[in-house]
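The structures considered in this document are given below.
Shared between the two complexes below is chain A, which has chain B as its partner in the first and chain C in the second.
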Partner chain A sequence: MFALQRNATRYRIIKNHIFNGIVLFFTVLALVPLFLIVYHVVKMGIPAIDWDFLTTTEAPPDTEGGGIVNSIVGTVAITFLATFIATPFAIAAGTYIAFNRKKKLSEWVYLSCSALQSIPAIVVGLIIYIWIVAPMGRFSILAGSVACAFMMFPIIIISTVEVISLISNEVIEAAFAMGASFFKTIMKVVLPIATPGIAAGIIIALARVTGEAAPILFTAFGNPFIPTTVTDPASTLPLTIYKFAISPYENWQETAWGASFILLLFIIVVNFTTKLLTKKR
Partner chain B sequence: MQVKDTFFRIILLIAACFAPVLIIGSLLTLSSGFIPAFNETGLSFFWSATWDPQTREFGGVVFLVGTIATSVLALILSFPFSIAISIFTGEIIHGTRLASIIANLVEIISAIPSVVIGLWAIFVFIPIMQQLQILIGAIPYGTGFLTATIVLAFMIIPFSATLGREVITLVPTHIKEAAYAMGATRFEVIRYVILPYARSGIIGGFLISTARAFGETMAVTMLIGNVNHLPTHILSPTNTMASIIANEFAEATDNVYYAALIGIGLLLLISSIVLSYLARRIIKHFIL
Partner chain C sequence: MIETSTPNKLSNLNKKDPSQKQAAVFHKMKRLKPLSIRKPSIAKKRPQIKNISQQFSHAETILSITDLCVYFSATKVLKNININFPKKGLVAIMGPSGCGKSTLIRAINRMHELDQSTNVTGKLMLGNQDITTLPAMAVRQRIGMVFQRPNPFPNMTIFQNVLSGYILTGMRLNKKQKNEIVIENLKKAFLWDEVKDRLHERGTFLSGGQQQRLCIARSLAMQVDVLLLDEPTSALDPIATTRIENLLQTLKKEIPIIMVTHNTAQASRISDYTAFLYLGELIEYNKTKIMFTVPSDKRTEAYLMGRFG
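Coming up: the complex of A and B.
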């Protein structure tokens, strides 16, 4: 009788060990592609990078060399312009929700933000094409920026609402009790406290759109030269990687690896710094 | 001062209205853009599997099937991995340094741009698939339905794994400890206490992953083969809603062709929004 019970217990323990082993196995296996991707991007990317690579524009297909400076300029221009377009509206909208939580409209705005976040990037590109590119009659940095701003907008709203809700009510009420107006309270008390959190939200949104090629495809379209005005078409790093990766030309493929290394490095560094910054507070 | 305040409140209100306006505007824009194609094809847009710009036949079924099939299969493939990561980091080694390292690594997966994953897959993963296809005697395309699906499965792991871990850590400690005190092994606690308790949250996480997979464009476009036929075989090339738009929109000069692609975009928009709305409802239900 006791022997039987011992057997049953041993069976349960063995089952437990097997289960632990399976869980560990799948966890490790899921991370293998991540390491492989990073390994190959480093191995293929670093040899492609030198001073010329960072300072010349892209080469014609099937030649030697070529750089990515046109894509870097395009990426920086589009992401910065997108941030300037999205941020003021998003912070204002987030402030509205944070101070009118009970209202029906806030609920609607919040719901629309989740819906906006779930719109696939390629559809955003399609919509901005219809709204801006078609009426203007040309692809432009402006259109690309609006597409990216469209994607950043809900992310920044949601992080603004979260950060403002964390501010204790006493601080806000103290300002009101001193006779400060709503405007003064927001500008001098609420936003200064919330700034680091909102900044983190903006940076996360920025890092996300920097890596996206889909919204750029039909808006900024790509440009082998350095754009000079916001109405010029432009290339971005992800767009160049996409075009060059599917091309049959060796020098373009090399450029794609080099550009991937730089893009990946940028995104990982940005993610880590925001994580460290938000952890400290 | 009173006037300034009122003015300020109105500005905030207008900014807040922007979000619903964008959603409604997008829906209206795409719907009206789709009308020329709808007039031409009628309802056959939703059930015809022929997509031929030359003969002006536009049926969206191939892409609808392509998107649903890749997403569902990717979900199934990713399931054991994301659930294992959730259990491992949320319960077995919860609270340790290793757990947070693994969690961070998993989050990095979601931060890698999809074009970089696509580039890697073209030069590293496709050759492996070709070797396998030669081995089993299939035509070594390399690209195709299965290739795209495996890469997609890898890409959606972080979304369900992160959410799964969060829900698992939300299971009240006293319930778990009650089970441990009864002499249950860890496997039994996970199987009979934690998973049933966290079930709806985990399902919600998987729905969010599916919504992600629906909209994933670049990596899939680079790997699926871009052939506008229904897949006859798990290895055959086909197409999805997102990748047909990425591939053909720039060259759609014909009015009806252009409108038909906008119709595909509308279909994709509505299905993504509905999916993620359902996911959020389920998660909310769990957490409250």
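Coming up: the complex of A and C.
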């Protein structure tokens, strides 16, 4: 009787070990590609990077050297402009939804957000081409920013709604009970409390569009020189990587690796910042 | 003492609905011998007054409520409440859970307007003014409200929390006024000594009792005409509770206070008048001393003796 019980226990322990082993194995297996990617990008990217690489514009094909400063400027310009365009609308929409959860309009906006999130970036780029590039008669930072803003919208809206929903109802009631208007309640209580969460949402959205070449392809198009106004075309890092990596020229391929490394570094920093922002709460 | 079997009988009843349960208790009570067992004289001496409202002259009344009904969707939660609150003193509103105490004081502060499915009818006079015709924001600026759970604004410092009424209504103050208001009202709320060295820290770092006093201070800072409190001590420990009670006893000399409480002992300790609500009706409203010694309604009596609630 006893022996049988002990056997059963031992069997269960062994089963448990096996199960743990399997879980661990697949976890590691899932991490392998991640490490391989990072390793490869670092290995190929680091040699390409020096001061010149970061400060000069791209070189003609089949020559020596060349940098990515035009792409960095383009990336920064487009993502920042996109953030400026997307953020006010998205926060306003998110706030509206959070306070009017039961209304039809909120449901619709929320649904459209999920839909917008799943529209392929290349299609967004195409639409902006028709809306902005074709009427203006030129590719531009502005068009690229609008395309990116469209992609940032749903991410910021959804994170705004979630963060505001987490604020305790009692605090919001307290603001109203003090005689505050809806507007003052939003501006002086709700948004200040929600700021770290919304900021995290914005950064995630920003990281997402920074890495996308597709919406830029038909909108900002690419530019071997540093753009000077928002109506100039511009290159971004992913676009440069795409164009240079598929080229047969060695110096361009090397530049693509360097740019990949910079982009990866940026994304890692952004992810880290987001973690910090959300942890502080 | 009164029959000890009552609690046992209670447990036999179905537990679906507290109001049904309470109604059933009354049913049983009819068969029980009433209070007369303890004090045979009480039943005869029962005063006729069930609502003291009419005894306050117009000049003595700060807030007058006529025929107040509150509906949540189709359910009528408050049924034709008529009650006048005096300019001087603390009125306790008590009653079993779910009887509509919070609903009543939220109606005074127009908080029900935040919820579209709620409908409020009736007349409310604050002093000489019919406040049902005023915008809700204007009314709320004149009537302070303190909630069950302390809720200082987490994004504001202690200093800003005291001034939150001004910040939130866009009233501008200069530095001197700000300092004066903060110091004066923290002192009034018995909080000054505890926080004077950390006025610029977040209000949410304070203890629960301190937070609740901060919430009282921010209402006082608006120089409100009436202060409403919804079970202000039910989330606090006994020591913090005592402090709030002491504070309220001092404050009631300056400002009319209406306080909801679950706790009959608390009502008897600090209130001058007590209103008893039951299933959305005002059953009895009288001087606390009279009501706690010779309640005029059997239901009040049963509640005071702890048979339900």
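The rule is short, and it goes like this: the second predicted complex is superposed on the first by the 250 of 281 C-alpha atoms of A that agree within 3 Å, B and C clash if a C-alpha of one lies under 4 Å from a C-alpha of the other, contacts with A are read in each partner's own complex, and residues count from 1 in each chain.
Everything below uses one rule, namely that contacts are C-beta pairs under 8 Å (C-beta built on N, C-alpha and C of every residue); 3 or more make two chains touch, one makes a residue touch a chain.
Values in this document were obtained by computation on a predicted structure and should not be read as measured data.
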Clash-or-fit label for the pair chain B, chain C on chain A: fit
Touched partner set for A:Ala175, first chain B, second chain C, both or neither: second
Between chain B and chain C, more extensive residue contact with chain A: B
Partner chain in contact with A:Ile203 - chain B first, chain C second, else both or neither: neither
Touching partner for A:Ala256 - first (chain B), second (chain C), both, neither: first
First, second, both or neither for A:Ile158, with chain B first and chain C second: neither
Which superposed partner A:Ser112 touches (first chain B, second chain C, both, neither): first
First (chain B), second (chain C), both or neither touched by A:Ile132: neither
For chain A as apex, the angle formed with chain B and chain C - C-alpha centres, to the nearest 10 degrees: 110
Which of chain B and chain C A:Val189 touches, first, second, both or neither: second
Smallest separation in angstrom, by C-alpha atoms, between chain B and chain C in the superposition: 9
Shared chain A contacts, counted only where both chain B and chain C touch the same residue: 181
For the chain B and chain A complex, residues of the former touching the latter: 1-2, 4-5, 8-9, 11-20, 22-23, 26, 29-30, 33, 80-85, 87-89, 92, 102, 104-109, 111-120, 122-124, 154, 157, 161, 185-188, 190, 211, 214-218, 222, 242, 245-246, 249-250, 261-262, 265, 268-269, 272-273, 275-277, 280
Interface residues, chain A side, partner chain C - complex: 168, 170-171, 173-181, 184-185, 188-189, 192-193
Of chain A, residues touching chain B in the complex: 12-13, 15-16, 19-20, 22-27, 29-31, 33-34, 36-37, 40-41, 44, 88-90, 92-93, 95-97, 99, 105-106, 108-109, 112-123, 126-127, 129-131, 150, 153-154, 157, 181-183, 186, 207, 210-214, 217-218, 221, 238-239, 241-242, 245-246, 253, 256-257, 260, 263-264, 267-268, 271, 275
Touching residues (chain side chain C, partner chain A) in the complex: 109, 111, 114, 137-142, 144-145, 147, 149, 151, 153-155, 164-165, 167-170, 215, 218-219, 222
